[in-house]
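For reference, chains read A, B, C and D in written order, and residue numbers begin at 1 within each chain.
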């Protein structure tokens, strides 16, 4: 039993592993010239809007039950995947560590919004 | 030496750990009523646009060098953190596994866009 | 010859006339409950992203020639129509005069960005 | 009394007049190189998101009352102006007639969504 197996990295995809698969995927198709930071940020925002589109005419209550409809649930997971894909590709080309950036942001927000 | 230490979870933030911190953060401030899936998807798209705003008047070449300017680099990391924060909070309230969704999407795309 | 004919309002659609047609269109289909300011602003941003999507992988030069392709040109006009439709419906429900708002904004910008 | 005065064009800004002012404004500041269709569509979507941001945590009911708060009302009119400004500049550089495009779209939608 290897350390990796012990840590369950074979069973669960990781951010690093996904980022690598996305970079290999783009390289194998020669898509890198299109993957400027500007284009990837734009594609990220377009995909985020496609996620919003699912909810745009729903009431807050209806939006909470969206996963009960299998077609809507599939669409939600598909758009989440697209948003994360472009976020990780953006981070890859600019050398940004998304998890570290978020961790530091939460640290700052804990100081900025203290609990009473 | 604990299993957790062995797996390096103390040294590197994980998606699961960040998702937990964000949920605790919102709960401690009683923000959950605002965190409908509709509102979180909308907030995600607003943050994605703030990331785009950094690049909107740059040429593709200028966009590739954005991290050389420390102020712009900080802003990029900050917006990446915000996008990821809302994506993870959205996934939390709907029970979506973002990493699994992306892994499955890459599997589908490998079939959909075969390499010649 | 009527005043309206004299002013050419029969030949050219006007913002006021389009705003009226859109309001009548929504009322005839009982869509008003969906047309909260929040939903209309969200729909506007979703349509704006669909316009962006046409350009997302194009170079600046390619984007300048987009109307030479008839299918792309039709898509551009269609998304422009959707963006304007939601902007006018948003303004209708909140009583905002879009043309006056823009005129005043240009006045302010002429002071804010003086020409050397 | 001139024809223009008769038609009220001196009292009310028109789309054509605003489009002209915006083009002159950009030309006087040598901003045209930045105003590619791609950049203007992107700026439009960024401004649309700034409009959405005003509403992102409001309930549908709260969103309907947004103009009662003078600061929020000013912000709404300001973002409406920005969205319309980029829409008209986009239309200017591509030669799109926004009012005609919307009029034709409403014609099509009347056939597509017949009233029972």
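Criterion: a contact is a pair of C-beta atoms (placed from the backbone, for glycine too) under 8 Å apart; a residue touches a chain by one contact, two chains touch by 3 or more.
None of the values given here were measured: they were computed from a predicted structure.
Here A-D and B-D are compared, and the pair linked by more C-beta contacts is B-D. A turn of 180° superposes the CA atoms of chain B on those of chain C, with the angle given to the nearest 5. Over half of the residue numbers at the chain C-chain D interface are used by both copies of the sequence. Mean C-alpha position of chain B lies 31 Å from that of chain D. Centroids of chain C and chain D (each the mean of its C-alpha atoms) stand 5 Å apart. For chain C, residues touching at least two other chains, in rising order: 39, 42, 45, 48-49, 52, 60. Of all residues in chain C, those touching chain A in their complex are 34, 39, 42-43, 45-46, 48-50, 52-53, 56-57.
Every residue of chain A that touches chain D in the complex is listed here, in rising order: 42, 45, 49, 59-60. By the touch rule above, chain A contacts chain B in their complex via residues 3, 6-8, 12-15, 18, 21-22, 25, 28-29, 36-39, 41-42, 44-45, 48-49, 51-52, 54-55, 58, 60, 63-64, 66-67, 76-78, 80-85, 87-88, 90-91, 93-96, 98-106, 109-110, 113, 115.
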